[in-house]
Structure formats: structure tokens, C-alpha cells
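These are the structures in question, set out in turn.
One chain, subunit A, links the two complexes that follow: it is found with subunit B in the first and with subunit C in the second.
Showing the complex of A and B:
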């Protein structure tokens, strides 16, 4: 599944990083401690978090994360959006909690942790 | 110039997680017993006990700097250390404007406001343990605007540290130093910033457990900043 399809399927707003919408998504990860996400997420993951500091883009680049979903209505600031646009990493927005959205994504077939 | 042994991170009984024995006179006496020359009082999101400890210290000959340990919106703890109670109170006003919720003493502990004679003057009812709505960058900017030092707390720890929360220290963040806890004596991840050690004392027995020796003229923010930068003959000794 591509980030674009997730955006459409779950009616998520796109905050930034539009040019990365055709990245493939393989599995996902939830976490707000970036040290944990750096240690445990893997290439291709969709990442659900409430952390909106611009360091999320550096972590996403490092781990080759396909896209970031800010949950619980959190919004990225301008610096974070600028960096997402520059790097082409989509930031999607959801009013749902990480728990609810992760469940929905899992049911939609985004399950596999590794290729 | 001389060496000042400084423990720049001590909580009082105002912090809900600190012992109720952490009263001004008790802290000052223990600091002197441990051979410290200088301490900074950094309670969670509040500076309401700093004046009492400064006065208790001046009577007994211990230099006390007023500070706070501020919790950012990213849940990163940072120390803000000033010269005067007035500066610390100005920072506290900013923090209070961005701090929501009421304390639950049964869950988090009492937040006791005391005077320099260790007498209880009241209780703070804000949720001091919580995160503020202030971004880390905003905190550093405001602390500097008010003339203080901005130091990332216990960066070696797995919670509430800039490295645990943000993965790494944003290179453009204008910190004066990072603090490491008693649990370690180095932090290989940090290459570009000065490092201090302090006790983060919540209990009597923690005071001065680790400290930083500053070779400076007087125990002021200006002198400490020069020591951190290694300027004008000032330096951090250990």
C-alpha cells in the first residue's frame, strides 16, 4: 500500500511532504520517544506519533520511514513542514488516537513488520 | 579566582516528587557538610522556594542561585539558572502561563512552599510535574532573554531527557551545557557542548553526590558561562 492510499482510505489531511505520497508502506510503528523510534522502527514503516518537533524528519530519514501520521490532532510547526517538503516525507494528520488508528491500519492489512 | 564546588540541580519540598525534608535550612546545612560552595535550586516548573533557600544560604555562607527545571511540550527537562530571584520569577510567570492542570497530592505528592526558617507558608496547587505548552526552543530563548543559563537536564537518562525525547540534540539549539547524572561520568553522544554533573537531589542524601568544580572569580551566571566556554582563564575543573 502507498502513503497516498492510506491518506485516501482514512481521509487524512496532508500537512506537508506531498512529493513522497507514492512511497510504499510496509508495516508501521507507534512511538513518541524518538530514541525508541530510532532503535526500533524499520525501513518502509508508517509512523504514528504525537511528537511534532522537527527532529521527527531526521529520524524518518535515518530509518527510511515512508510517512508520518501526527495523531490526536497534533499539528506540525512551520519548520517541521518545511523540512518535510524539502525531504519529500509526507506528514498526515489524524484526530484519532494512535491506538485507534493503528488498529484501523492493521485491519486494512498493514501488518508485516519486515519484508 | 578560586574553585567553587557547585551542585546546580537541587529540588526542594516544592517539587511533588521530592522529600518533604528538602527544606531551605536542611538543604543549606547538608550542602555545607558536603563541602559545596555553590548550589542552584531547580524545582519542577516553579521558583517559589528559591528566595527562601537564598536567604537561608546567605545566613550560613552558601551561595545559592535561583533556578527552575522546566518541562517542555516535548517532555524534555531543562534547567534555567539565574542570578536573581526577580529573573527566576519572571521565567516562572512565563511557565505558569503555559502550565495546565491541578496537582493531585495523593498521587504526585505535596508541593510545599516554605520560608527561610523552614516554616510552611502554603501549598502550590498547580500540576508542577506536568509538561508546559512551551517548545524547547522557546524555553531556551526566554531563559537567555532573561539573562539565565539554559542546560539540558540528565541527558543520559531514558526519560525526560533531550536525547530520549528527541533522539539527538538539535544542532541549532542554543544550549549553554548539558547535565549528566551521577550514574555516568561521560556522554559520548555529546561532542559540541560543555558538560556538567549535578545531583538532581530529591532527598537529603543525594545533595552533592556529584557536582561540578568551576574555576571562577564569583559564583554568578556570567562567570559560570565563561567557565563553560573556557574563556578568560575560567574553566570547569573536573
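Showing the complex of A and C:
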């Protein structure tokens, strides 16, 4: 599944990083501790978090995360959006909690756990 | 392979540019054609050590040395030093300020992640002088 399909299927707003919408998504990860995401996410994951500062893009780039979904209505700041646009990493927005959205994504077939 | 030496400046409290040195290191390793596993491990170690300097360490230098046999990531800073290295190596132990914890840093996973993802780590630290980390990875046949 592409990031674009997730955006459409779950009616998520796009905050930034439009040029990365055709990235493939392989599984997902939920986490707000950046070290945990660095250690346990895998390349191609969609990442659900409440962290919205610019350093999430560093984590996404290092771990080759396909896209970031800010949950619980969190919004990225301007610097975060600019960096996401520059790097082509989509940032999607959801009013739902990580728990709810992860369940929905899992049911939609985004499950692969291993690299 | 020609030996490579790159170094990147790390500035204290600079969360805007934090991680950029690690991203450059990752891109260099990728351009050398190394496999994703060893790049992942080196990226995690570079990022964790870079963020430690940003949070705790004053000014620092992140450097990358690569040759046919291995990768060395060195991180030097002139920060306050690690008070208790044995405690700092324990998962969950952190002296980070609350503000950084709210940003998702300071979970006490930095040094443990570095140990888990490298072949060896040497830590030299002195109170009020600074910290020097040498993180090494052997490049085996499976990594190429």
C-alpha cells in the first residue's frame, strides 16, 4: 500500500511532504520515544506519533520511514513542514489516537513486521 | 576502498540541526554500497551519540572513519561528562531534563542502543572536561 492510499482510505489531512505520497508502506510503528523508534521501527514503516518537532524527520530519514502520521490532532510546526517538503517525507494528520488508528491500519492489511 | 574520514560539528541544544551529521554518515555508508543491516546499526549509533551531545554535551565533533575492515564512529564533546558510566549504560537511566523527555529524548535508551548495535564501544569521560566515545563495527563479507 502507498502512503497516498492510506491518506485517502482514512481521510487524513496532508500537512507536508506531498512528493513522497507514492512511497510504499510496509508495516507500521507507534512510538513517541525517539530512541525506541530508532531501535524498533523498520524501513518502509508508517510511523504514528504525537511528536511534531523537526527531529522526527531525522529519525524518519535515518530509519527510512515511508510516512509519519501525527495522531491525537497534533500539528507540525513550520520548520518540520519545511523539512518534510524538502525531504519528501509525507506528514499526515489524524484526530484519532495511535491505538485507534493503528488498529484500523492493521485491519487494512498493514501488518508486515520484519525487514 | 580508499579510507574515508569525515567530521561534523555538533552544537549544544541545537535541535534544529540535530541529526544532520548522522544523516550524512548514513548517506556516505549507503554510497559505499554497504548492506542495510550495518548501515542501520551505524545510523542508530551515530544518531544516539549525536543527540546525547546536543542534550548534555556542550560542543562536539561527530566523525566517521571507514576502510575495508570496518567503520569507526567517534564522538567527542566538551560537556559535563558522564557522572556514572555504569548507570548510564543501564536501560531507562537518564539525567535528561523534562523538556527533552517531553520531546521524546532522554528515555535512557541512548547508550544501551549504541552497545546493542555496535561491535564495541569505548567510553572515556571526565567530569567537567567532556566525553569521548569510540564506536566500532567490523565489515564482514555479509555487509558488502
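Things worth noting here:
Basically, the second predicted complex is superposed on the first by the 114 of 115 C-alpha atoms of A that agree within 3 Å, B and C clash if a C-alpha of one lies under 4 Å from a C-alpha of the other, contacts with A are read in each partner's own complex, and residues count from 1 in each chain.
Criterion: contacts are C-beta pairs under 8 Å (C-beta built on N, C-alpha and C of every residue); 3 or more make two chains touch, one makes a residue touch a chain.
Keep in mind that what you see is a predicted model, and the values were worked out from it rather than measured.
On the superposed subunit A, the positions of subunit B and subunit C overlap enough to count as a clash. Applying the stated contact rule after C-alpha superposition, one finds that A:108 touches neither subunit B nor subunit C.
Within the superposed three-chain model, A:51 lies in touch with subunit B and with subunit C [touch as defined at top]. When the two complexes are overlaid on their common chain A, residue A:61 makes contact with subunit C while staying clear of subunit B. Judged by the touch definition given at the top, the superposed model places A:43 against subunit C, while subunit B stays out of reach.
If you count the residues of subunit A touched by subunit B and by subunit C, you find the higher number for C.
By the touch criterion stated above, A:35 is placed in contact with subunit B and with subunit C alike.
Once the complexes are superposed on chain A, the part of subunit B occupying the same space as subunit C corresponds, among 9-17, 171-179 or 207-215, to 171-179. The contact surfaces that subunit B and subunit C form on subunit A in the two complexes overlap at residues 32-36, 38, 51, 53-55, 58-59. Of all the residues in subunit C, the ones that touch subunit A in their complex are 15-16, 18-20, 22-23, 26, 36, 40, 43-44, 47-48, 51, 103-105, 107, 109-110, 113, 116-117. Residues of subunit A that touch subunit C in their complex: 32-36, 38-39, 43, 49, 51, 53-55, 57-59, 61-63, 79, 115.
Looking at the complex, you find that subunit B touches subunit A at residues 74, 135-136, 158, 163-168, 170.
Subunit A makes touch with subunit B in their complex at residues 32-38, 51, 53-55, 58-59, 77.
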